[in-house]
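Written below as structure tokens is the structure these notes are about.
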Amino acid sequence: MSPLLSVENLRIAFPSRQGPVEVVRGVSFELGRERLGIVGESGSGKSQTGRAILGLTPVSGKATADLLEFDGIDLRDATPAKWRSLRGARMSMVMQDPKFSLNPVMTIGKQLMEAVKLHGGKSEARDKSLAMLEAVQIRDPERVMAAYPHELSGGMGQRAMIAMMLVTEPDLLIADEPTSALDVTVQIEVLRILDRLVSERGMGLIFISHDLELVSTFCDRVLVMYAGRVVEELDAAKMSEAQHPYTRGLIGCLPKINGDVRPLPVLARDAAWLE
Amino acid sequence: MTADPSRQGLSQWLLSEQPASRNQARLGQAWRIWLSFTSNRLGMVGLGIVLILVLVAIFADVIAPYNPLLGGDLRTERLLPPSMDHWMGTDDLARDIFSRVVHGARLTLMVVALVAIIATPIGLLVGTTSGYFGGWIDTVLMRITDIFLAFPRLILALAFVAALGPGIENAIIAIAITSWPPYARLARAETLSIRNAEHIDAIRLQGASSGRIIWGHVVPLCMSSVIIRVTLDMAGIILTAAGLGFLGLGAQPPQPEWGAMIAGGRRFLIDYWWVATMPGIAIFVVSLGFNLLGDGLRDVLDPKAQQQ
Amino acid sequence: MRALRLSATVAFTILGLLVVTFLIGRVVPVDPVLAVVGDRASQSTYDRAFVELGLDRPLYVQFGLYVEKAITGDFGESVLTKKPILDDLIYVFPATLELATVGIIIGTLFGIPVGVWAAVRQGKLVDQVVRILGLVGYSAPIFWLGLLGLLVFYAKWGLVAGPGRIDISYEYAFTRVTGLYLVDTAMQGQWGAFRNVVSHIALPGALLGYYSMAYIARMTRSFMLNELAQEYVVTARVKGVAEWRIIWVHALRNAAVPLVTVIALSYAGLLEGSVLTETVFAWPGLGQYLTNSLQNADMNAVLGGTLLIGIIFVGLNLLSDFLYTLLDPRVRRRS
């Protein structure tokens, strides 16, 4: 079976006073209908990688790749119309903080139905939206449809966001730190909803996070990124077999419930990892 | 740039990462600001215009070819079009318009300088006092400020001039009285953000009086943003002064004030267009200069506001 | 609660306006009586005014008298027209209102699209043009541009009618109802007069429109740049929303919230600009009334006009506050 998404040698550069700076430097991976985690610290290029797949690299930046293929479609020089037919309908993205990622002056219902209407289905937009809100376990979907984003809690907002992104039943979902802005208690719930929907619908998922532990329990496979490169690719089940000192460092930094590690080791960085 | 060793040494000394003295650090900071300002082309154009205005005002007597107040022969030299002898033509009293425009630079510069000198301290004092003490002092002072802001500036200045009587001194006072409220608002906002800073607490614990803290420590910190704002306002001040002059409430004849000159040329507009046009160009260029300079300064000193 | 606080603020501001005009009219002048009755008044008129103003009594009593009269709409009599100030103001105001309204309509209709366009094409040609238009608007004296406009469009090319609101030959072709000539002539079907009014208002209206356009476009640009950088714009793109819809529906709807204040401020600014514009175009409105009164040292008229403009300013601020709450759901539901 050919992969859903193939990325080869993805590079993203931004101009600066000292000339262009590459924030993603040759990332390659393949994705089937599975759950792939991308882990890295801030500035490692993980979010830019996710956005580049959707063609959302900021205008000042420049993304290039030897291969960027989604379901046999070359994305590298897709026209705006092509992008519009892919985004939403076949690939979508859940972002970090519903406070910012939802339009503050439109009701949830309007934003949800906009997504449905864009990809056909004007008549059943409302029913579909309500059903989707129920699917993300919102108990009172009618009320949420009429609400403005600021009237919802963070967890509710993020569920609405997930509903909005999945209502068109895409094949690929990119989740960019979907739970980092939420309370710890709500995080688990939202993750569970996301997990269930993704496996039910057999979608491909790219889960971007800085939280190695979370990613390893939630995904099938993990890419570890450091300074714009993939330094290690691992089976989620075999985290303990990590070879790269950065990954090992990350694992070592975690406090453990049994066995006191004091003082917690600090991640030592090596200039050689940049190469 | 060619490698002039002494010059390079100076630049290196200024840009040093480890300044040896406080003065070196200050000069270095100023030099960095200057360097980044010079890379702003429009800002430099503005600075150039303002410098030319200052030079023209200083050397008006040397530059102006004719007497700005006394005209030539009324029979033969009235309302002459621009020519080699009279670059901007002559007006209805046979005066050389170019000479009048040159001398008008003095009046314009005087208005701008005096308004800035009067309004800035008032605004700083009201704003810092209000922000530092808070409570009812803040409420009262800010309400007063709001009342002044509730009038359009030109209208309030008009009313003041009506009460004080026309004349350039009164126009300056009127413009100054109507200019300070925005500075007070700004200074208050700045004060609010620094009044609880630890270095202010430290000074307070050393027993410094409120007056001393405000004047010696709060005001200097508010200064730079207020100065940017005043520079940005200077074009507005020039336009208000010209407007008052145009309405006959500012400088009185025969003073060569640009606004009043436009009013004087209005009667001959259709047949002798240059009489009203030339002083207008002067106002336009000078306030454009101040606008460009202000924009440039803001971009350098306050990058956050750049997009506004 | 909110309404109470708001009305307290408004009452306080209007009281403040009264204090300021009182100070300007009664305290600053060397002889307030002369300022009110004019230099040519007889001794008996002078004495009567002296008592009426309460100048023989303490300052606070004078202020009390002033407020009392102002609240009943009594601003005294104009030296120039010999009519009550309030009647004069009511008569001249529609001319100013009509002109400023034409200006703000032009400014908004052009300013917003141009500003949006400049934000979308940041740094490109349109953006530079908007910047230059803005700089010229901020730097050129309005009365000078008005004179140049008259010179070129009226005297040289004859495209528009000259100074004034209407030609004398049309002045009696319709009855004055609202005082807005465009409305009056249109309602009475006097299309010849209507065309004449349009031809008169075109130049001053376009001039004021240009000034407000420069300001509105500049602010629209900066608000739009801010909105287009928000995350919800990315969300909309992810959903596959077309770019024009993202700009004109998603982002502009958000930018509209602060824009309302800008438009209200700019409308108020046009009233201010009217003082100079009306002088240039011999436009018989509030601005010209104020200038005439000023030049004839008619203090009561000046104070009345100043107060009226101040109150309109306060009113416009209130209106923009109200529209703000209407447009922004975050504020709306809280109150």
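Letters are used for the chains, namely A, B and C, taken in the order the chains are written, and counting of residues starts over at 1 for each.
As a convention for this text, a residue touches a chain if its C-beta (ideal position, glycine included) is under 8 Å from a C-beta of that chain, and two chains touch if they have at least 3 such contacts.
Keep in mind the model is a prediction, meaning the values are calculated, not measured.
J.: Which number of steps is the smallest that gets you from chain A over to chain B via touching chains?
T.: Minimum number of steps from chain A to chain B: 2.
J.: Select, from all pairs of chains, the pair with the highest number of C-beta pairs in contact.
T.: B-C
J.: Round to the nearest whole Å and give the separation of the Cα centres of chain A and chain C.
T.: Comparing mean C-alpha positions, chain C is 52 Å from chain A.
J.: What is the distance, in whole Å, between the centres of chain B and chain C, each centre taken as the mean of its C-alpha atoms?
T.: Centres of chain B and chain C (C-alpha means) sit 25 Å apart.
J.: With touch defined as at the start, can you tell me which chain C residues reach chain A in the complex?
T.: These residues of chain C touch chain A: 230-232, 234-243, 250, 253-254, 257, 327-330, 333.
J.: If you look only at chain B, which of its residues touch chain C in the complex?
T.: Counting only chain B, the residues touching chain C are 143-144, 146-148, 150-156, 158-164, 235, 239, 242-243, 246-249, 259, 262, 266, 269-270, 273, 276-277, 280, 283-284, 287-288, 291-292, 307-308.
J.: Name, in rising order, each residue of chain A that touches chain C in their complex.
T.: Touching chain C from chain A are residues 51, 54, 56, 80, 83-89, 92-93, 95-97, 100-106, 114-115, 118-119, 148, 150-151, 161, 164-165.
J.: Under the definition above, what is the set of chain C residues touching chain B in their complex?
T.: 12-13, 16-17, 19-21, 24-25, 28-29, 35, 135-136, 138-144, 147-148, 150-151, 155, 222, 225-226, 268-269, 271-272, 275-276, 279-280, 290-291, 293-295, 297, 299, 302-303, 305-306, 309-310, 313-314, 317
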